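Multiple structures follow.
The two complexes that follow have chain A in common; it is paired with chain B in the first and with chain C in the second.
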Partner chain A sequence: MTSATDRLREARAIDGSAPQGGGEGIRTVTVASPGGSVMVNVGPNESSVTIANATTGASVTIPVAPGKDTQIPIPNVPGGTVLTISIGVGTTARIIVVQVIAPSP
Partner chain B sequence: MRIAPVYVIAPLAGKTLPTRRAFLLASGTFLAGTVVGGACGYSLGAARAGAAPQQEPELPSSNDVELDELRRLAVKAPIDELFEKALPFLHIRVSTYKNDEILWRGVDRLSKEIIENPGRRVDLGLVLVLIGQIEGTARPENPSLRDRVPALRLRRDELRRPR
Partner chain C sequence: MQPSSAFTISLLALTTALVAQSSVVAPAAATNDDLLSYEWVAGASQPLRQQILVGQSHLLAMLGRPITAIELRRTAAPEAYLPGNANLTVTLSTSPNAPLGCDNHYAGNVGPDATQVFAGTVSFPASPATGVRMTPVPWSPANIVRIQFAQPFVYLGGTLCVDLTGQPIPGQEANWWMADAAEEVMPGTAAVEIGAGCGPYGGPQHAWSEVAHRSLVPGGRAQFRAKGPANGMALAVFGGPAPSPIPLGAFGIATPNCFCHLDPGAIFAAVAAVYVPETHPLALVSAHAEVLVPLPADVSWFGVQLSTQWFDLTQLTTSNAFTWTIGNAIPTLDMALNEGHPGDAKGWVTTYLAPVLRFEFQ
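Our next item is the complex of A and B:
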């Protein structure tokens, strides 16, 4: 059975980055470290992304550069927390799920 | 100028019904058709109503267009449509309408389908969000959802395995 740290290490083993997730309108990684940051790339018509805790719904909106890569901070949440990074509103929003994995001390 | 008489042969008169009798015959046929058709339609409809699955009652209006749409997704929308919009559905449910009882039925349908239909293509992220919401916010009076968490974890682990 692989631990959370192993999974994070495996995800970053190839080129130092985590696996990519996303599709039309938004691209980012699918794993992150608590208190760290992730690179987000949004389409040219988007100027902000929303990071939300998928369990509690607490969210924060962060401005990003349209059409460019932007580093956004990951909240300092416990390992195992599932976050969503989204653009747009309503049922047409595009959402990427990011799992926060705490590295071993 | 001389005018000569011409004889035109008239066709033989056919056997025709008197107008009154024809009207009575047409009316009678129409009435008989109506009675037989109505009886057949009623019996077919009654039989079909008895055999049809129980219809969902109409959803109460909340005077909130977004909430009504989410409720429709949760309860009435085809399962494929619910899966297509599952992540936005779960995101809005937990961030805006956390206390809406009806929306939990969407969580119920999603989790049930993921467990009972291994052939359905499911995103790992969706399973993670479902587990998180059921563990983190499911109500005590909804224990069946918590009972599904172990099976959802198994599905999550399957999706994590490299292929």
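Our next item is the complex of A and C:
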């Protein structure tokens, strides 16, 4: 059975290079550094963005910034961790995937 | 030239002048300038319904006049937008609601004079990069989505409801084609965590509930969500914070490591909600429950604080708890946006954010 993480990695690969997700209504880059941040552009009128760890299920919800370009902190997680960035729920859910890349030694 | 010919030409010129097109932009500040925010456009990439309520304060210039077209202008951004097409229907009506009272049920915003003024394909032009945000973008063909009405709509005053339903055309999606939008930044809203949750949801911190603190605007709806098992049920409890966490065992509920963070003597309300299954293929959570609390548009609510914690009735677990603060201003935009999936009966309302619209009228 395919794990959630595998499924998300596959989705990230399909999405291609940055910025991804334009057709989803939100977009950001495809990879990020642990402890860094990414800019998320939010098309709909949702008021918050959620970043979730596909491995642990931990999530943080952040208000959409005025002007809608919202800086999202990336947690200090191991390289290879897959994160989802989402807005909305149910039929209005928009979800894109970011992979955390460990910095070079 | 014969005198009668000159008269005919003069009469034609006069007639042309009398039916000449005029336009008004809502809000007027966007007539020549790009505004703070942006919004996606129905059908550019996804099925979408957008109801835009426009208060009379923006529309006085076209009182009693037939509206013949509307236009959306791209937002200023140093990136080119790709062209595309979408199928769109547009219905105009006089809404029974002022923008600040925008209903999240679509049907509640539609007036009895609803008229479908357009049904067909609209084009998103290839639009070259512009300056950065809030630099002027002209209303030129390369920057606008124009919707020419098949049937005019006479504006007789009141709140105008512009109801757009868009469907993407496979292979012709414009995708990231963002329209300019007005946004008021509402001060004073806040949310602070006051206690941890328990149970299988929300990761190591068991943080499985949240409030959208930008929704804490007087006149809007405060938005509370919780993660849980599909089709399970939970209670969102509102009140004051407990001086210290109370084990659920104190209430005869034998769920270890679960605590109540609200003061049992200061509970104001409890609202039941069902966890609705998530269907997005990338969703990490099986379901969400949502509770919306209408916040009165009254100064007496400015800065009011309450605390919220969810109680999962299926698993007998408690969520993280937080104290939230209502903002200390009422939006003055006099526009509202209610948007969501066309197949749903209701959408999500913002009274501080709405797309810029240019109305053409005779």
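Please note the rule applied: the second predicted complex is superposed on the first by the 77 of 105 C-alpha atoms of A that agree within 3 Å, B and C clash if a C-alpha of one lies under 4 Å from a C-alpha of the other, contacts with A are read in each partner's own complex, and residues count from 1 in each chain.
Assume contacts are C-beta pairs under 8 Å (C-beta built on N, C-alpha and C of every residue); 3 or more make two chains touch, one makes a residue touch a chain.
The model shown is predicted, which means the values in this text are computed figures rather than measured ones.
In the superposed model, A:Gln71 lies in contact with neither chain B nor chain C. In the superposition on chain A, A:Ser104 makes contact with neither chain B nor chain C. Of the two partner chains placed by superposition, only chain C is touched by A:Arg27; chain B is not.
In the superposition on chain A, A:Gly90 makes contact with both chain B and chain C. By the document's definition of touching, of the two partners only chain C reaches A:Thr61; chain B does not. By the touch criterion defined above, A:Ser37 reaches neither chain B nor chain C. Put simply, more of the residues of chain A are touched by C, taking chain B and chain C as the two choices.
Under the contact criterion defined above, the residues of chain A that touch both chain B in one complex and chain C in the other are 7, 52, 54, 56-59, 84, 86, 90-93, 95-97. Contact residues on chain A toward chain B in their complex (touch as defined above): 7, 21, 30, 52, 54-59, 81-82, 84, 86, 90-93, 95-97, 99.
On the chain C side of its complex with chain A, the touching residues are 36-40, 45-46, 133, 173, 175-176, 178, 183, 185, 201-205, 207, 210, 212-215, 223, 225, 227, 276, 278-285, 288, 290, 337, 339-341, 343-344, 347-348, 350, 353. Across the complex, chain B meets chain A through its residues 66, 69-70, 73, 85, 87-92, 94-96, 98, 123-126, 128-129, 132-133, 135-137, 160.
The touching residues of chain A, counted against chain C in their complex, run 4, 7-8, 11, 22-25, 27, 41, 43-48, 50, 52-54, 56-61, 63-64, 66-68, 84, 86, 88-97.
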